[in-house]
Amino acid sequence: MTFSEFILRGVLAGSIYVLLAVPMSLLFSTVRTIDFAVGAYALVAAAVAASVGGVLGIAAGLGAAVAGSAAMALIFLLLKRFGCHNHIIYALASFGVATALASAVLWQYGTQSFVRDSFSQFWSLAGIRISPQGVLNLVTALVAVTILYVVIQRSQLGRMMRAAAVNVMGSELAGIPVELIQVGTYLVGGLLGGIAGLLILFTAGLDYSAPLSLTLSGFAAAIVFGIDNPFRALFGGLAMGVAEALAAGYTSGMVTSMVPFLFLLIVLGTSRFGDATVAGDRT
Amino acid sequence: MTLEVTDFSARYGRIEVCRGIGFTVAPGEFLVVLGANGAGKSTLLGALAGLVTSTGEITLDGTRLDAAPARRRAGMGVALVPEGRRNLFAPLTVDENLQLGLRLLPAGEREAMRAELLGLFPILAERGRQAAGMLSGGEQQMLALAVALARRPAVLLLDEPTQGLAPIVLDELAAAIRRLRPLGLALVLAEQNVRFAAGLADRYVALRGGEIVQAGGADELRDHRFAAASLLGAAA
Amino acid sequence: MNKTTCKSWRRAAAVGATLGALALPLAAAAADAPVKIGTVLSLSGPAAVFGLPERDAINVVAKKLGFKSPGGRPFELVLHDDKSNPTEAARAVTQVINNDKVVVVVGPSTGSGILAAGPIASRLKVPLIAPAGTMAVGDRKNEFWPWVFRMAINDATSIEFILKDMAKSKAKKVGVLYQEDAYGKTGVDLAKEIAPKLGLEVVETVSAPYSATDLTAQATRLRNAGVDTVFLQVSIAALGTSFLKAARQIGLDKPIYANAGLAQRSFAENVGPEADGLRTLSIGNLPFEPIAEEKELSDLLKADGKVPQGWGEIVGANGLLAALAAIDAQAGKEITGESMRTALEGLCGFRSYARGKICYSPDNHDGWDGSSLTIVEIRDKKMRTLD
């Protein structure tokens, strides 16, 4: 009973990591870089939604998150225009954007934590009390991943995204609007990060200091089973949630906080993350 | 459509690689650009496709192309199959590569064009679900040609298609290229393999140091001494 | 950040490396020159929740006094952000002493920052007025102990205060959630040590990193341990809200106490109904039910357009007042870091914005006892002072 409860709670908690991991997976699949501002988009969405309130607040929060990612996309384009074609630089720039967004939230809203109530009733599943909010989080993560999977694997847009990721020159020759796709991917990342932020707002709450750790958790979840595919990000996020819940339930808390780092270590120690492993991968 | 190149130069940064290039290729005509390594063949084709900075005029039936970026030139009728088949997307399947090639055609014409391409390159029909990167060199070259042809270009720029291919595949490739003649496109083929080029060309230009040093008819290419000289960069 | 600070920042970049910590303190304020007071506070990073109110209170009190001590001695403030980072705190303290020639420093804001800056203060012979309860800060085994004067309640006193309130009910079994840092770990160790003396037993402890977004597993573990009451040794508001939501979700329906980190207006106002009944320790109740001395500070803040947040303003303002009282104790004399240290050791019962009396002596650098503490209960988004 206790073990299954920890598993269930881990799965529900992990759905937030999924939503943070998926945009990273998506951007890596398309631009071969990481947007480390995803956690900041989540914070911005939560802060704006909490301050505006209501349905309008949710829309404004998502809008603010997408605006944050648009700023990152603009920096990405400017870097390219100035001849910087280094994916590491794009990733470092996203750190800067994350810091700027978190500072903007601190400046505008102070050090308060952002939290809102959603459901006051709870469900009982085989004797385990769970919040409908947790289930909503999981369903949202599953729907987001499914939509993205279908788009990426089955649609012309998805083919263009994958093509732009592996061969920019070939994409230009095929008339694919590479930059438009890359900018669009940043914006989708902002939207998904924003959705994650709203779910955290209604689940546990967060404050201005959250972005870096959210990003780290999302990154660890994104890479643990391979960053190229949002379905793997789904399993990565859920696995991390479960690992954290089990660690919190059965070990010292210090182990819980090490889970994202352990995931990163496993990946860095065993895989070829970052290698151009596919034949013909010339960007 | 007729491709006309006038007073054309191409550069990488400050280094001018090609200069003063001029030629015309009529619809259905095959022009071979010969030259040794470093003569500027690939740069010339890349610049014509919009991948390399250039000056001078490129027109297609009088329409200027030279101000358009590569992506727009693709839509205006120029297709490049770069050296090493780098227009392919290796992790994507053969079908997916073809679908990307077909996307610039109106939706109603895509299926017919796909059938036409599989008729031209039958091997691709058998490899539909295979990743492009897993094909043999010859098959990859067929796919690269098919992807480039999929949008019905007026001009096909073909950069060293023989590179890295086994001699036994070359005849098959030459036959495939010959089958393109009825399509009526203007073909510019950059090659070092003069024998291969001689079997396809209507005319040739020879490049050395980025400039055209000689031009002539296909008959000259069949002269073996000339061919050897051309390969060594001594055609003059 | 004032102009002095910006200038000094640039100067430090140029000469700091060579002068560094080895330079002897040349600071000495002539009898009529303004005395320089350093304020090294966490204005960004996780501890900004305390550092920003500390800064605001110091600024409004300095403005109200017209930048003159109650005894009429002019003073200047030199403000630095320690970014909630001990390394940065040590660097900033070095800088304000060496470059800006301050004779006393209010700060750094965090226990770890004070521990990092303490040896520097000792070497350069300038006292720190330390607004943190961390036990190690006041450990007499520290070589730098003579140079650190606490302007907060030490953790042992605080935790005993909370556990005493718990013991008033029939609670016996205590569960503890603590955040994963020195503050959290020290708190849980103290709770284990003090609880048996009060007839309580800590039966389960769980911890969480700052970044945790879901604490249902931790709450489940406490519930399964059959605790009668829960103590939250957290200063991160988001962890507090997260745990309260988790506790409600998993059916952990027991009284919950929190250390002073959560006694903040922003926490009370932003948290939902799950916080109703949460009891937190506080130094006074500046935002909601200030007593007379606190109200004066609260009014000053409001007049300056600030919204009183919690006890951060109280420790900040009283840190400045302690420095000024020490300056006034040296009327007509040249003031140095060493003379400030001696003067601070003689301070007792100076005018402050607090309900308790602050007394330092050569043997006691903790200053405040538990008399300034109170338990507040959160209800309807307000902190209510309990008798």
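Some observations on this one:
Here the chain labels run A, B and C in written order, and each chain numbers its own residues starting at 1.
Throughout what follows, a residue touches a chain if its C-beta (ideal position, glycine included) is under 8 Å from a C-beta of that chain, and two chains touch if they have at least 3 such contacts.
Heads up on the chains, UniProt names are B = ABC transporter ATP-binding protein; C = Branched-chain amino acid ABC transporter substrate-binding protein.
What you see is a predicted model; the values in this text were computed from it and never measured.
The minimum number of touch steps separating subunit B from subunit C is 2. Most remote from subunit B, judged by the distance between CA-atom centroids, is C. Distances from each chain's CA mean to the overall CA mean are smallest for chain A. Looking at A-B and A-C, the interface holding more C-beta pairs in contact is that of A-C. Taking the mean of the C-alpha atoms as each chain's centre, subunit B and subunit C sit 73 Å apart. Work out the mean CA point of subunit A and of subunit B, and you get 42 Å between them.
Inter-chain centre distance (subunit A to subunit C, centres taken as mean C-alpha positions): 35 Å.
Looking at subunit B, one finds that none of its residues touch two or more other chains. Interface residues of subunit A facing subunit C in the complex, by the touch rule stated above, are 2, 5-6, 9-10, 12-13, 16, 50, 103, 106, 110-117, 120, 122, 129-131, 134, 200, 203-210, 212-214, 216-217, 241, 244-246, 248-249, 252-254, 256-257.
Residues of subunit A that touch subunit B in their complex: 156, 159-160, 162-163, 166-167, 169-178, 278-282.
On the side of subunit C, the complex with subunit A involves touching residues 44-46, 48-49, 52, 178, 180, 206-218, 220-221, 224, 236-238, 240-242, 245-246, 249-251, 264, 266-267, 269-274. Subunit B meets subunit A in the complex at residues 49-51, 69-72, 74-75, 79-80, 82, 85-92, 96, 99-101, 103-104, 132-134, 147-148, 151.
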